[in-house]
Structure formats: C-alpha cells, structure tokens
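As written, the chains take the letters A, B, C and D, and residue 1 is the first residue of each chain.
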Amino acid sequence: MSSFGHIFKVTTAGESHGKSVSVIIENCPPNLPLVEEDIQPQLNRRRPGQSSITTPRDEKDRVTIHSGTENGRTLGTPILLTVPNEDQRPKDYGDKTIDLFPRPSHADWTYLEKYGIKASSGGGRSSARETIARVAAGTVAEKWLRQTYGVEIVAFVSSVGNINLFDSPADALSSDPSFLALEPTLTRDRVDEFLPVRCPHPDIARKMEDRIAELRDAHDSTGGTVTCIIRNAPSGLGEPCFDKLEATLAHAIMSIPAVKGFEIGSGFAGAAMKGSVHNDPFFVPETLSAEETSRLTGGLPKSKLQTRTNHSGGIQGGISNGMPIVFRVAFKPPATISQDQTTAKYDGTGEGVLAAKGRHDPCVVPRAVPIVEAMAALTVADAVMLQHSRQMGRSMQQ
Amino acid sequence: MSSFGHIFKVTTAGESHGKSVSVIIENCPPNLPLVEEDIQPQLNRRRPGQSSITTPRDEKDRVTIHSGTENGRTLGTPILLTVPNEDQRPKDYGDKTIDLFPRPSHADWTYLEKYGIKASSGGGRSSARETIARVAAGTVAEKWLRQTYGVEIVAFVSSVGNINLFDSPADALSSDPSFLALEPTLTRDRVDEFLPVRCPHPDIARKMEDRIAELRDAHDSTGGTVTCIIRNAPSGLGEPCFDKLEATLAHAIMSIPAVKGFEIGSGFAGAAMKGSVHNDPFFVPETLSAEETSRLTGGLPKSKLQTRTNHSGGIQGGISNGMPIVFRVAFKPPATISQDQTTAKYDGTGEGVLAAKGRHDPCVVPRAVPIVEAMAALTVADAVMLQHSRQMGRSMQQ
Amino acid sequence: MSSFGHIFKVTTAGESHGKSVSVIIENCPPNLPLVEEDIQPQLNRRRPGQSSITTPRDEKDRVTIHSGTENGRTLGTPILLTVPNEDQRPKDYGDKTIDLFPRPSHADWTYLEKYGIKASSGGGRSSARETIARVAAGTVAEKWLRQTYGVEIVAFVSSVGNINLFDSPADALSSDPSFLALEPTLTRDRVDEFLPVRCPHPDIARKMEDRIAELRDAHDSTGGTVTCIIRNAPSGLGEPCFDKLEATLAHAIMSIPAVKGFEIGSGFAGAAMKGSVHNDPFFVPETLSAEETSRLTGGLPKSKLQTRTNHSGGIQGGISNGMPIVFRVAFKPPATISQDQTTAKYDGTGEGVLAAKGRHDPCVVPRAVPIVEAMAALTVADAVMLQHSRQMGRSMQQ
Amino acid sequence: MSSFGHIFKVTTAGESHGKSVSVIIENCPPNLPLVEEDIQPQLNRRRPGQSSITTPRDEKDRVTIHSGTENGRTLGTPILLTVPNEDQRPKDYGDKTIDLFPRPSHADWTYLEKYGIKASSGGGRSSARETIARVAAGTVAEKWLRQTYGVEIVAFVSSVGNINLFDSPADALSSDPSFLALEPTLTRDRVDEFLPVRCPHPDIARKMEDRIAELRDAHDSTGGTVTCIIRNAPSGLGEPCFDKLEATLAHAIMSIPAVKGFEIGSGFAGAAMKGSVHNDPFFVPETLSAEETSRLTGGLPKSKLQTRTNHSGGIQGGISNGMPIVFRVAFKPPATISQDQTTAKYDGTGEGVLAAKGRHDPCVVPRAVPIVEAMAALTVADAVMLQHSRQMGRSMQQ
C-alpha cells in the first residue's frame, strides 16, 4: 500500500516520469505553524548533487503546500504537498539494451511481474524520487513532535563499505563508547559539517569519501549503514502486540529503497550477550526542569525512571521507556553501476549483455540520512497520537 | 494494535492470567480443509518443556476451532481459535520484591507507563504466551499457502550466544556456502532432529546445548539468531511503496517478543559489499514441470526468470521475484534471570535489590523457530491475497 | 470485513452452528470497571423468547470475559468476549426442500455465490446470532462513554408495519412534537415497560402487539422502524470528509441484518423542507453545572452553543455539535415465514416449492433495539478516541 | 478520515481556499486506458452554473493526472489527480457579520469545535468543492468497472421539495411501476436531457425547475432526493458482517455533504411490508450471451439465478446477488440562504442577526447526481477487488 500510519497517516504518489511526487498527510494536529520553508531544508539535504561524489543531476525539488494550512497554520485537514518533476522525459539510463534486459537487482523485473506493465523507468515507484514524499511529510511530523515534546531526531552515516565509524560493525551500538559520546548531543548541523558523507568523525569521514571516489572511478558502488538517534520521545509509545514501536519503526525503515537490515539497541550483537549484561537497570533521575514540566502540561507525562544502560534501545516490551531510541540501518550498494552486466532478457529467450552507460551515484547513504529521519518521525508521530487517544480516555476514567 | 494484515488478517487477545489466548482470522479463503490437528503440531513445537535446557513448566496448549469451519472445511468466515490458560493463578515469578520493582528489561515499567494499570504478570501482553495466538494463526496461513502454491517455510537456530552455525555472524548469508547447501532442501523434520536447539548441524548443535546448560547453571541467559527460508513464494508479492514485502516481513518479525534485529538477503553484510558483486544476474530456468503448471492454473503465474545469486533475498524493489526469501532474526537474551538485580522502585523513591527466584528459560531461540515461521506465513498469505485482487483485475483488462 | 472502528475496534467471529459467537475489543481504555454483569443485561434484552409474540427458542447467551481485564478492571489490552452456542446441531429450519432451494430473500444464495461453499445454516454469518457479538461489545463502549461523558443511548420501536408511534412515517422526527417530548428523558427502563414491543406508548404498543400476533397466525411477518437517541455525546466527533459521524453511524447501522434504511435528524422528510425552516439557529445555553464541569475535566470540552431546533440531528458538516444525535432505522420483514414459497433450485435446473415448517419470529424490531444501541455506542466510542488524539495534540500546540 | 476503501482506496485533500482539490487513488488495476478526458465529463456535470437556477459562479475544474499513468495506461501505482482552485481569495459569502456568527446549519461551528481553528471559509473541508475529488476518483473506478464487468451506474433526481417523480415518497421504489420502467435502460445521456434538474420526466422536471426558481426568488432553498441504479454489478460483493455492501454504500453516500438519509431496495417503505410480499423469489434466467460470457472469462462468474422482484435492492445478507442495486438518497436544503438569520455569536456572548448577502444555489440535487454516482462506483470497485482476492484463493483450493 502507499499509505503509512493509523492516525498521523501519509499517502504518497508519483514516479520519476510523472508530473510530481506528492503526499497527503492526514490528521496532522491543527494550529501547527507550517510553511514551505519548514519543509524545504530536509528536501535539500536529500537532493543529489551535493558534492563530486554524489550524482551530478541537479533536481530542484521545490515543495508546494496545496491544502491543509491557512495563514501559516495547519487547519487539521489533509495537507497535500507536491514537488514537481522538472524533467519528465524518459531519462537516459543506458543504451537501448535497457529495453531488452531487466537490470540486475533493480525493480524492473519485479514491477513487470506484479503489474504486468512496464513503465519507462522500469521499476516505477522504486525510483529514489519516491523518497521525496517521505522526506516532505516527515518534516511536518517532526516539527509537531519538536514543538510539543522537544523530540530530536538525528541520523548519520556509520559505515561506508567496510569503513566503520565504530570499532566493529558487529559490536552492539548500545555499549560502544564512541557512540555513547555522540548520543546525547549530536545535531544535524554537526552531521552536515561532514558533507558529503555525513559521518561525524573527521578522519573516518575522509576515508569514506576517498573510498566512494575510488569506487566511482572503478564504475562500481558500495553499501553502508546509517544510525539514527531519537531523543525525548515520550514513554508509552507503541501498540502491542503487533504494532510494537520497534516493529512499526522496522516497517517504516525497511520500506526505504535499498535497505536490507534493521536493528535496535543492542541489535544483532545483542544476540551474543548474556542476560545479566544486557538487562538495563532502572534508576531515579533528577526531577524535571521547570521548562520541561511546562512543555509537558497537557501532554503525556515524562517517565519517572530511566535506565543506566540502554541495550533496549529505548523500547521495552514494544513500548518506549523515554530513553533515546537508537537504531541502525543497512543499505545495499546501488544496483545501477557503470559496468556491462550479463543477464537474461525480458522475454525469457536467453541471456546477453546489458551495456553500461552514464554516471551514477556510487553510494546513497549520505542522502539516505534525511530519509531515515523522516520515516522515524512519521512512526513516532503516529504512535504519539495513538497514545494520546488512550491517555485522555484513561485520565477521565480515574 | 492487535491485528496484522490487510485481507488475511489476524487479531489476537489474551495474556497469561486470563482464561485463554485467542485469535480471530479474517478472510481465510473458503473450502480449505482445516481441523485442530492441522494447528496443534506447531503449537507443540512452541511449547516449553521440550528438554532439560528449556523451561520445565508443562503447558498443554490445546487449540479449539470455535467458528469459521464446518465439516472440516473453512467457510470463508472468521475463524476463532482459542487455547485455554490452564493455570490462571498469578504465577510465582519471584518473591515479593516483584511488587516493588519493575523487572529490568521487562515490560513491567513500560506497560505501566502506557496503560496506567499494573497487571499481575507485569507486562500483560508481553508474556511469551501471547505468541500462541501467532503460531495458531500462522498454521492456517501456511496450510493455505502450501496447498495453493507449494510454499515451504522452514526456520532454524543459526546462533546461540557467540556459537554460530555459519562462519561469522557478520557474513552475508546469501554468500555462505553452508547456508546455500541447506537452502533448497531443509525441512522442519530435519530441524527437529536437532532438538532441543534446532540447529541443523550435529557438532554445533551440541556446543549450543552445552552453552545453554552452562548459562542455566550460572543463573544467566543468552540470546541467539534464527534464520528463515521461504521457498516457492510466488513472484509479484509486496505492495510498494510502504508495504514492500521486506517491510511487512520486518514488521511481523520485529513484533515477536525479544527481537532486536532483522535482515534480509545479504543484510548488514551487504552494506559492505560492492554493487558489482551484490547484483544478482538473471537467467532463464528450465520450464516448469507438469505438476507445477497444473498447481498454478488459476493462480499467480511463476516467474520466467531466476537469479544466479540471491543477495536480494528473494525481494527486489519491495516485490518478491520468486527466489527463496531468506532472512535472519536477532533475539536478545531473556530478561528473566535467576540472579539478584539492583534497580529502581516503581514509586520512584529509590533503588534496591530485586531478589532472584525460580528457574527460567535461559535461551528462547529454539522455541522461537515456529513463531518466526508463523509470522512469515501470515505476511506472505496477506501479500498473496492482495496480489490476487490486482491480478484478477489486471487479467480482465487485457 | 469483520471488524469495525479505527481505535476502539471490534472484530467478531462465529456463526450459529459453531462453538461460540465472540468478539475481540481492541483499545478499550484501561482502568474501566468491567465484569460480565455489565454486559449480560443487554444480551438478555436481545434474547428471543421474551414473550409469546417473539420466537420461542430459549437461548441462554451467557457471556464470558476471556482476557483484557483483571480484578474487575480493564487493562487496556484486547478484551475477548465469548458466548457459547448451546445447541450446535444443525437446526430444523424446514423440511428437506431446504437443501434444494435457497430461501427467498435469505442469504443462502449470496453466501454460496461469495464463498462457494454452503454452510448448514445457509447464510453462515447472516444468522441473527452474529448480533450477539455486537451487543456484547457495545455494552463495553457504552459503559466507558457513560462513565466519562455521561452519554446515554436509548432506542425504541417507532413503527411496526404501518402502525406508527408518530403521526406519519414521512414526517421529520426533528419536528414531531411527540418525539420532542420523549427526546430529553426517555430511558431504557421506560422502553422496557412496553415489552414485548418496546414502543413507549401504551395504546400504540398494544396495537403493534396485536398486529404481530395477527401476522404470526397468518404465517407471515412484518417490518418496522427503530428510532435511537444519543444524549450527551461530546461535540467535535466525526472525521471529515469520508468518516463524517453520520456516515460511520450509517455504516454501523446498515450492517445490522435486515436494515434497509437509515436517516438522521430531519431525514427523508428534510428533503421536502425549505432551508429557512430547516436551518437550526444557535443560542447560548446556561452554564454547565458543577457536576458536569467536573466530569469533563481532562476530557473534550462542552460546546458553548446549542441550537434551538435540531433538524441536523446533532451533526453538522459531519461533526457532532453536542445536541442529541437522533436517527431512525428501517427493518424489512423477516424472510423466514411459515408459508410455502415457489422459487428456483440451487442447481439452476428449475423452480419448485420450498415447504414451510416451524414457527418463526414475525417481527424482529423489538429485539433489534439493543443491537441498534450497541452499534451506536461502538461508533461514538471510536469517534471520541479519534478526537481525543487530536485534542491532546492541539492543546499542546496552543 | 480522508480515505475511503480497503484496496481500491482514495484519499482526498483540499478546501476551497487552498491551491487545489486533489485525490490519490491507490491500487487501481494496471493497464486501464486512462487520460484526463475520461475524467473531465463527470467534473463538468458536477459544475455549478449549468443553468439559471443553479449557482452562477463559473468554476473551470480542469483535472490533471500527476502520476500513475504512462502512455495513457494506468501503471498500477498511485494516481494523483488535482483540480486547481482558480480563485483562492477568501470568497464573499456575506458581510462582516460572518466573522461574528457561525452560520446556522453550516459546519462553521463544528469545525471550530473539532479543530480549534477557524478557516476563512468557515467549515474548511465541508465546502462543496471537496466533492470534486470524489467525482474525479469515481470516474476512474467506474471506467474500470465498465470495462471489466459492463457495470452501469446512473443516478437522477427523484424529488425536489415535495414534487416527486414517483407517486409518493413513502412508497417502495422496488414496487413503483414508473421506477421499474426506468430501471433497465435509463442512461446518463437521457438524464441530462432534463437539465437543469436531471429528473427524467418532462412534466415533473418542469415543475421542479419552476419550484427551484420560485425559492430562488424567495431567497430560500429546498432539499430533494436522488435515486441511483447500479446495473451489472457482479454477485458476491460485500464483506459480512460489518462491511455488508449496503453498509459501505451507506457510508459512502452519507459522507456526501447535506445527505440526511439513505435507503436501499424497499427502504423505509419496506418496513411496512409483509414478508410474504417482500420476499424475492428466485428464477432461472436464460443463459448468457456469448458476448457476456467472453467478458467474464477470468473474472467473477455471473449468478445462475435471478429474482422476480427486487425488494432486496440487489443485496441479500449484505452480499450482491447480481440484480440491479437500487438506492435513494435524501439531501437537506442548502444552509446558505439569502435571508437574515438570528443566531448566536461565536464567542457565546449572545445572539444577533447574521446578514444575508449574495446569491446562492437554492437546490443542490441536480449537481449531486454525479457525486452519488462517483461514491457508488468507488464502493463497488473496492468490493470487486476484495472479492477478487477471495475468488482466486478459493478457485485454487478446489
């Protein structure tokens, strides 16, 4: 389906060769200040062409709010955001062999299997442009979360190929000292100081940049990982049993093109830990500041307990506990590479060579950073609204 | 929410201290032969007490079909399955300190935050008994998939702590020779030859069993991973863009208690691969056998192409391509351990010691095998029904 | 589908010949006092056999709460309610011609068309027993609405055949003086003083009773109408544009077996009115009593305005305005009659005579009263929870 | 919510003062020929200004397909349709008293209650322009239904005020000879021969036109009814128990602005009928023509039985039986009238006079005709896709 969320719900439309990529946001709370300028910055962060190692196409990606606001405030009604596709001519992705061969590890073949019709771009909605709609909608969710609960969502590149920001990709994030140092304070501005790779460490960022350049010259591509931190999410989010918060986050993140893995808190490394080490003991934090208390008046209350470690990644029993929500995402290498590839023909009559052509983005993870942030924001906003509906009913009962 | 799926939809109810754990299955296709004996075997595989290293409690877990069938056939109407809780008295999980302290890394605290009421079992629906409903419903999905498309779903334990069936947990499954040897033929019966650990390798299974026994004696617990293979899933499954098949699978699997990570195909290891290696070239397989052709008459057609490698894990652009769907799941160590733990009190007045008591399951992954299979079956069955609705509309159009 | 509602959501299962009729209620707010005794009275009101003019079968219909409560309070987790079918043998609805002929205006034929399989009861879930699940779930919704907002839902029989409580069936309820006299104070107890017909007027109730007896003796049946009043529903309920409150109410009510029409406020008679008469002018009511104010603390605020007339039926622009919500429902005559009927055979080979047998309920509207109340309660409870989620987000924004 | 349908799903956005009114259609089957010219005619039928008795504003309402098609065929991906609002300045609905008073029986007050923010148009999405999105989406559903099953949907005006096309508004349509004469053959072209009122009877149409002109001159307005016929809908549509076809139709239709009542088949008049008269006997129709058979190849089969009467309105037990689906809809008189009205102020400080200004549409039912057709098409298309998913699963089972 093309919609996500139960209450704070988004529905997207648009492929690279149509008139626009668009999204309708339902049930955004009313009275939120919202203008195009709130949305554009994350779209700009998503844009290709931010440096020599990313794809050189210049897509302008200007968003327009069609409905759901007036005088710079949301009305509570559906918000339609559209971003025009500036060049709608079928793009020059390769020579004519592209009409004969479904590209390996692209969506050309599976879209044909599913829909029985071949769009000029091959895999229709599997285009990276589809993610524009996610990012646009995510900024709205995020703004509301920030204004109401001070939620902060920051993602960054944690590996490119086998160059890792942290010691080992198989280690638990939740016990990595370098990660724990970044967790409380990392900002998007800080992450963007490390453009084009968005890995917040000077030496490692440089190595990643070099590696990407090397692969670009070798007409190849590489995968990588993105790590995301959500600070100040209220406790009590997540709807057991099937819509546990880690489950809806995984759903959201695994729906991003090219994602092959998702882990939360200790993740895969947690599978090798002992319970006595993995368990997160509770303690009683200092009381809230006046500022925090006032912000939460009328909202979900803040948890009275915190945990000393956070192997749980901010979620226990499928429900947020108020600690930072931390997850890591694996992206495969882009399937489009500037090399000839031997593969089978659409018509099943045999194999041949799909000719290489053009220049392509050898690594998408830096651009994936705002997409991951957007999907996290959409997931949390929906969970907050669901908990609001319960909280208010529960309060009146007592 | 407590339901999963769009058409083949399940809704579950029941916590460990109520009268039953139950599930309603909506829109199961009519005329499927279905009796309790189809469901019970997977419930038995899920039961604790299968050996000395699993928890010694004997839960009988007998399923009853309340509705939706007649004369051993489904009617197409909702199927209610219930499994009674035989002992509904609050269980003896520890001494009275359990009333003072939320158990670390349990759901006690977060359920209280979410619902504002403390069930006698602490985290209400986070109990492992909730998974009975998933397994019961999964068998129905699975039977229908097997009868219509010959779908086979087999999961097994691939690691316990740091004992791994495959060379390294950080390697891509999709290029591991030992895994590739198992992939085409592994059966549940074969997996169950390696009880109590369900790891299909004699030496490694033995090591895992020893490790679990050691941790049990040390009053500790361990995590592990489960790997799952889905063979013969039709191509064309998965609903872009948000309900890509890997996204709904991730949702399903990450909703299982204690899961911390999910990866498909090359997974996290794929993030370190080059595109030229990761891309899966297509080839033209031999034609279908007469038996296969006859089975598919009236159903979704079989893909004319296959891929030489399967780093995609059977899904490209969010849509199945007909190759085996392969994924790996990380389970954290059980939070319940027979050790004293220092933690904070419910009332926020300070910390103390939560006393250990009783004996607990030191490793849940062997019992998680049928749960993973069930959630995979539910996900695929729903995707098949969605594609059926499109396929029939598309066929008539052409 | 077999579920209703977005947040306060119910999913039902069970046909007359299975083990039970059951319902799972998701997202009932936690901490609501709830025991079987809260549910049973409405089930009893729904039961047949309440007098000589209703069907003589005695169904006990005892409800059991399987999950979702502890110590007489809801936990916030799914509530499974089951009501066993005491006699599960295929019932004796007629002689053997019932195997040859689909009964006219029954669901026998359409269920076969839809599902391709014939249940022993013919139209499977179209049985009146299915409504047990609705009534059971409705009592829970209703209790919560009453405790939080003082909502009162009262339905009654307004016509049987062409005997009408109000002057003309084509008149607008919203301007009928007799109706306006009942609207503010009518209770269920008062309605039940007029058993077996539940029409709150001594003379008219007697005429209806006579008419039903007459039709019973003539082996025939009759339709009728039920009118429903919802008092104290908060303003702001209903989700434009597709889930306007009158639309979800209509959905709920039209899903009750045998319903052929639904109208709200002025209804069909409103189509003949002039705007200058139909418009409901606003006025400023007296301030709230202290008791009312205290009840609403923390909940949705009460509307500052009321309307002098209520042709809108309590809903304007799809959203409740705080005035009584008033609607009328048309039920067709029961299809099961004790007369021979000429009709076609299942196999399409021709026509013949479906023999009459047994005694049947000649008029269902008295028993439909609690079913209408239940569906109204489910609709309003869901709308309240949706508005709660918005209200809390909106409050924090301002 | 702003979406409708489970599979063939539409989500709308836009109020009268934003940039556009738009709709995303999800899961339209692929390969359907679709261009703007398929959509525009129904939008034109919906437009005001078609004659002197309808509102004189000229809205152009040109639709653009943004996505989901290529080379004039649907891709199976989401279709975004937008219709720009040409004049986005707040309209001149009255003098400044409109800022002080919520208009009686408008949505001004309830939108403020719900959202806590006042749009310049008062009731935001309650504007008649919202229905543009319904009509646009409905044409797509309708085209697919017509091409696959030959479905024909024709609505017309059956009453204006108390001028009725049929003998009495309280009579059952299903037994009215004049209606039965129209039912098999009435077309939209024939209905449009009776512009501006769209009542297919010369004398009665003239009376209606006169009555509307009279009310216009009296600065008043009137309600009316629309009747709709759906021919050739497949049997087996509708999802018991809550999504019976009449329930989803009622939901769809009652969500249209100004609708106060819905009845199907015998409707409210059926409540006064006896079962022996109301029951629809089955008979065996002649066999299908070769043309019909070929159309249905691969689709849902045609029912082998038909009924001699159609008091059921084409739906039995919530499931279509293949007979014409017939329903009637009541529209209240427009709330906007050119008369002064005494009413209360927004701020609750008392009452005053809301001054009349401008000229308004005294009767909306002629323009409502394509809106009713659109909502019927959306409902049936979704039901067909749901039944497709079941039918294919059921066929493979047997």
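Couple of notes before you dig in:
Quick note on the criterion: contacts are C-beta pairs under 8 Å (C-beta built on N, C-alpha and C of every residue); 3 or more make two chains touch, one makes a residue touch a chain.
Here is each chain with its UniProt name: A, B, C, D = chorismate synthase.
Keep in mind that this is a model prediction, so the values were computed, not measured.
Of the two chain pairs examined here, B-C and B-D, the one linked by more C-beta pairs in contact is B-C. Of the chain pairs A-B, A-C or A-D, the one whose interface repeats that of C-D, sharing more than half of its contact pairs by residue number, is A-B.
Centre-to-centre spacing of subunit A (chorismate synthase) and subunit B (chorismate synthase) amounts to 25 Å, using the average Cα coordinate of each chain. Mean C-alpha position of subunit B (chorismate synthase) lies 39 Å from that of subunit C (chorismate synthase). Averaged Cα coordinates give subunit B (chorismate synthase) a centre that lies 45 Å from the centre of subunit D (chorismate synthase).
For subunit B (chorismate synthase), residues touching at least two other chains, in rising order: 1-3, 6, 12, 27, 30-31, 76-77, 114-116, 124-125, 240, 390, 394, 398.
Within the complex formed with subunit A (chorismate synthase), the subunit B (chorismate synthase) residues making contact are 1-4, 6, 12, 101-102, 104-107, 109-111, 113-116, 123-126, 130, 159, 161-162, 168-170, 215, 220-225, 235-244, 246-255, 257, 259-268, 270-276, 278-284, 303-305, 307, 311-313, 315-322, 330-337, 339, 341-344, 348-351, 362, 387, 390, 394, 398.
Only residues 6-7, 27, 29-32, 76-77, 144, 147-149, 240, 298-299, 384-386, 388-398 of subunit A (chorismate synthase) touch subunit C (chorismate synthase) when the two sit together in their complex. Of all residues in subunit A (chorismate synthase), only 1-3, 9, 11-15, 17-22, 24, 26-27, 30-31, 64-70, 73-80, 82, 114-117, 119-120, 124-125 touch subunit D (chorismate synthase) in the complex they form.
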